[in-house]
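Here it is: the structure, laid out below.
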Amino acid sequence: MSVLVQEADFDVGAEMANMRAGRADIGALVSFTGLVREMPNGSEMVLEHYPGMTEKALQKIDAEARARWALQDCCIIHRYGPLEAGAQIVLVLTASPHRKAAFEAAEFIMDFLKSRAPFWKKEAGQGWVDAREADETALKRWR
Amino acid sequence: MSVLVQEADFDVGAEMANMRAGRADIGALVSFTGLVREMPNGSEMVLEHYPGMTEKALQKIDAEARARWALQDCCIIHRYGPLEAGAQIVLVLTASPHRKAAFEAAEFIMDFLKSRAPFWKKEAGQGWVDAREADETALKRWR
Amino acid sequence: MQVLYFAWLRERIGLPKEQVETEAETVADLVLELKSREPRYAAAFEDMSAVRVAVDQELTDLDAPLKGVSEVAFFPPMTGG
Amino acid sequence: MQVLYFAWLRERIGLPKEQVETEAETVADLVLELKSREPRYAAAFEDMSAVRVAVDQELTDLDAPLKGVSEVAFFPPMTGG
C-alpha cells in the first residue's frame, strides 16, 4: 500500500530505506515532509478527516501522479488527530530514474492533497484554519 | 556548515532530524537523494572531484539558493570515491515555512550542482559518463 | 441516506452524521430542505461558497443528483498537508 | 602556476597536476603552449568544446587572463549529482 492515513507518527528515513530496499534502479528520490509550525497562541492543533474518503482521495492523487510521470514508486502518509508544534503531518515520497519526474510528481501530489483531500486543521485557541488562496492557485499549474 | 563533500555515506533521516532539532517554525522540508543506478555492465562507479573547488562551488550554489528563496535552512552533502549500484551520491535538504520555496530551492540546487560542481562519474567497464544535454537545458529555467 | 458534516459545519449543526429521509433530487435541493428544518442548518448553510460537498465520497457540486446515493458529506474547503 | 587535470583529461595527459612556468597571458595561450609541447597535450586539447576550465577554482572560459593566477584546472563537462 502506498497510501497511509494514520494517527501515529512516521519515520522518513525508514520509509526511504523501505522504498530503496532490494532494488538499484532508482536514480532520484524526493521527499516532502509537512510539519506543524509554531502558532502564536497555543502549541497544538487537531487534524480532522473523513475516514474512507480520505484514503480514496489520496489513492486517486497517487494514481494520477503515476499516470503522469514515470515513477518507480510513490508513497503518501498523512496523519490525523492532535498534533503539537514541530510534529510531522504529511510525507510524500517519489522515486524515479531522473530527478525532474520525482520533483514534479511530489509537488503535484502536495498541491492536490492540500485542497482536494478531506482534512481540516483546527488550531488550539484559534479555531478552524482558513483555506489559502495560494493553494487553490497552485493547482492551475497542472492543468 | 551546510555543505559537506565526503567519501562516507550519509543518513537522510539523521540529517532531517538534525535540521528540525530545537525548532518548530519549519513548515516544509524537502529532500532530494541522488542514487547510483544499476548499470548494464559492471555494478560500480567512481566519482572524481576537485577538492577545494568542489566545496566552493557547492557553497556558492547554497548561498545563491538562500538569496533567492526564504529558506530557514539548507544542506548539501555530496560523496566522492567508489560507489556501488544503489548507493547514495548526493543529498539536498531545504527547509522553509511554505512548500513552494522548499521545492524550488531543492530543484535549483540540483540543477546547478549537476553541471556546475566539479564532479565526474566513471562507470566500471564503461568509461567516463557524458554530460546530459538535459542538465544544461535545466539551468535555463532559473535565469 | 447518510449525511455527514465535518469541521465547523459539524460544530454548527451539532452532530457528525445523521440518517436523512428525503425526496431531494440534487444536493442543492437537500440543502434547501435541511435549511428549512431548523435554524442550526440555516446557519451552517448560510454561505454556500464556503461549503464543499462530496457524494459517495467523491468531491462534486450542488448540482449533483442524489438518486441511488448512500452518502452525502458537507465540509469547508480542505486544509490538509 | 599549478595546472590540474581531471577525468579523461588527467588520463590522456597522464598526470593529475604539474607546475608550469609560462608567460601565457590567457588560458587560450596556455592551451596553445601546452599543445605545442607534446602529443599527449595535443590529444587532450584536440576538441576544446569538450573542455571546461577553472581559474583559481572558479569556472571561467578560454579568454580568462592568467596574471596573478596560482591555479588553472582543465576538465570535461561536469557530471555530478
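A, B, C and D are the chain letters, set down in written order, and residue numbers restart from 1 in every chain.
Everything below uses one rule, namely that contacts are C-beta pairs under 8 Å (C-beta built on N, C-alpha and C of every residue); 3 or more make two chains touch, one makes a residue touch a chain.
Everything numeric here is computed off the predicted structure, so don't read it as measured data.
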Any chain in contact with chain A as well as chain C: none
Whole-Å gap separating chain A and chain B, where each centre is the average of the chain's CA atoms: 22
Inter-chain centre distance, chain A versus chain D - centres from mean C-alpha coordinates, in Å: 48
Interchain centroid distance [CA atoms averaged], chain B/chain D, Å: 26
Multi-partner residues of chain C (at least 2 other chains): 81
Of all residues in chain B, the ones touching two or more other chains: 34, 99, 110
Inter-chain touch pairs (all): A-B, A-C, B-D
Of chain D, residues touching chain B in the complex: 4, 6-8, 54, 57-59, 73, 75-81
Touching residues (chain side chain B, partner chain D) in the complex: 34, 47-50, 52-53, 56-57, 78, 89-90, 110, 113-122, 127-132
Residue ranges of chain A touching chain B (in the complex, touch as defined): 11-14, 16, 20, 23-38, 43, 85-86, 97, 99-100, 102-103, 106-107, 110, 134, 138
